[in-house]
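Pasting the structures in now, so scroll down.
Shared between the two complexes below is chain A, which pairs with chain B and chain C, respectively.
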Partner chain A sequence: MKTLLLKLEPLIWFMFGQGIMIGTMLLTGWILVLGILMPLGIVDPMNLNYVRAQQLFTTSLLGIPIAQLLLAALLVLPLWKGAHHVRSLLIDFGGGERDGIVGTVLYLIAIVGSVMGIGAVAGI
Partner chain B sequence: MSTTEKTIVISRFDPDQDEAPRKQEYKVPCDPSWKVLDAVNFIKDELDSTVSHRWSCRMAVCGSCGMMVNGEPKLTCKTALDEYGDRVEIEPLANFPVVRDLVVELDGFMHKFESVKPWIKRVKERAEDMENFNEKGTYSQSAEELGQFKQFSMCINCMLCYSACPVVANEPEFLGPAAIALGHRYNLDTRDEGTEERHEIFRGEGTVFSCSYANECSEVCPKGVDPAAAVNQAKFGAVIDWAKGLVLPRAPHAAD
Partner chain C sequence: MAGPAHPEAMAPPTPGRTRTAPPQMPSTWWSSPRIRTYLLFDATGIIYFFVGFLAIKIVGQLGEGPIAWQAQMKALENPIYIVFHVISLISVIFVAVRFFRLFPKAQPPAIGPAKPPPGPVIHAGLYVVWLGLTALISLALAGVIL
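Let's turn to the complex of A and B:
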């Protein structure tokens, strides 16, 4: 299993890197909107209500492939970022010898999440 | 100038007598201008000649005097003693086997260092390759091309980055920051043609992808080298080659 992980390492690392970029941008925006703008009353909390969010995804993004692609990237890449970061963290805390199994479990979670994310976006 | 008395605690280890390192305290009258190395040299010269440590140039060029100072890897000739309080603990560099007192074993590091082939490799020897030389008989390189790798060639092999690296601590066989930075330096050098030969050393088990992005190597480097950047650039190179391997499966060194 370790050999397979080693072979896939460039791909995993690339998705991890893109996940960091997207995750960092998203998280910054998230903190800005939820942590600062909403409490200050600059953004109306009703903008984020369920009906409006669902309408945005089902009506506005329908049939726009680039929007769907971006949405899929937003859902999928941070999962790989998370899985890879947790794996690295566990290695740093001395879990090197269990890396094969730990890596496999984490990436399987990311794969399942990715399939669900892509499926959800494709089904919009 | 008036001196201040500091307690310098040195980690002592004599493989013939000790099973584990022990601490020994020395009261040292320290001059405010002293570096940490000056205090260790004072102990060696005036208080206890049995203390063993490595040092040479005293100007942050030779890379010999790396030690753990209060738990952090430091080049002791470059670290002001004044930065610390009345009690300073000095230990040998972490993540290396200790030979004696503050002296660590270099063989493992030297082997890793050599394995990245840190020299310019040409496909043809100089005598057979005159058409690539300019009229002065040298390879031309622009300032921009030099700038690509210059910072990575500033490494003085002080090994602080190996002491700081959590991956080296867990996987002693990990190639490590300085060796990767140096190999990468030659990969970036326009005069070098050894990149593909270095790939197998760079991309196998315990190499660039073992790095877990702690970035400690770049934090502790006393020469401003950024080994973490070299590691990540090397990873990106592997990604490009991996992608090329998908598009052009017969390309040399495509995804194996």
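Let's turn to the complex of A and C:
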């Protein structure tokens, strides 16, 4: 397990890096509006009713489905930041003996979540 | 290529006359302010996990049709979700501020002939992109633009 994780380290770090950078940049506005301002009624939730949400999340630019790509990044990348940092946290508190299995489980959750996220975007 | 250094490589060949205790981590290691901030930075990973899976659920409901979407939007009005999102927003801002401060320091001095811009320029650039994207996404979701 540990050997496999070491071999996959460049890929894991790439996804983690994008998660912390792009994931953070995309999540801020999402959380602010969808998670706080709309539920509190500060922004009218009807501005993101079903029809408009469908239109917004399938917006294309020059034939590129830019909104779906951004949405996929928003759903997938934070999971990799989460997996890597939770792994790091567990090493700090629990030591490195079980890091092989713990890391593998966490990255598997991120992989499953990534597939679910891409599936959710494709299903719009 | 040389193998990894042995952890006892620098130990004397025979034990000294002075008895020494094995190294032990102090039980309060996590309470040092620097370590605490570092651990908090790592702990935001838990929030990112939850917020990522919640976002997947939200988008999944959009694919299920208008009734599921309206029900999902209504569910987000639950105070538990609102408190969770406030904690998430604080976490995301904390990660951004800390990571953007560290990012310029992690740049290589040069990539081939190209040298990265000075640290403050990279730092300011990251803030411009972050705040710009946040404004763009917020205005789009709120129905002000697009």
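Throughout what follows, the second predicted complex is superposed on the first by the 83 of 124 C-alpha atoms of A that agree within 3 Å, B and C clash if a C-alpha of one lies under 4 Å from a C-alpha of the other, contacts with A are read in each partner's own complex, and residues count from 1 in each chain.
Throughout what follows, a residue touches a chain if its C-beta (ideal position, glycine included) is under 8 Å from a C-beta of that chain, and two chains touch if they have at least 3 such contacts.
The model shown is predicted, which means the values in this text are computed figures rather than measured ones.
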Touched partner set for A:I66, first chain B, second chain C, both or neither: neither
First, second, both or neither for A:K7, with chain B first and chain C second: first
First (chain B), second (chain C), both or neither touched by A:D92: both
First, second, both or neither for A:P45, with chain B first and chain C second: second
Residues of chain A touched, compared between chain B and chain C (which is higher): C
Contacts of A:T28 with chain B and chain C, given as first, second, both or neither: second
Chain B versus chain C as contact partner of A:P78, first or second or both or neither: second
Residues of chain A that lie at the interface with chain B and also at the interface with chain C: 88-89, 92
For the chain C and chain A complex, residues of the former touching the latter: 30, 39, 41-49, 51-53, 55-56, 58-60, 62-63, 65-66, 69-70, 73, 76-78, 81-82, 84-86, 88-89, 92-93, 95-96, 99, 103, 129-130, 133-138, 140-143, 146
Of all residues in chain A, those that touch chain C in their complex: 19-21, 23-40, 43-45, 47-54, 56-57, 59, 71, 74-76, 78-79, 81-86, 88-89, 92-93, 109, 113, 116-117, 119-121, 123-124
Chain A - residues contacting chain B, complex: 2, 6-7, 9-11, 13-14, 88-89, 91-92, 94, 96
Contacting residues of chain B [partner chain A, same complex]: 166-167, 170-171, 204-205, 209-210, 212-214, 235, 238-239, 241-242, 255-256
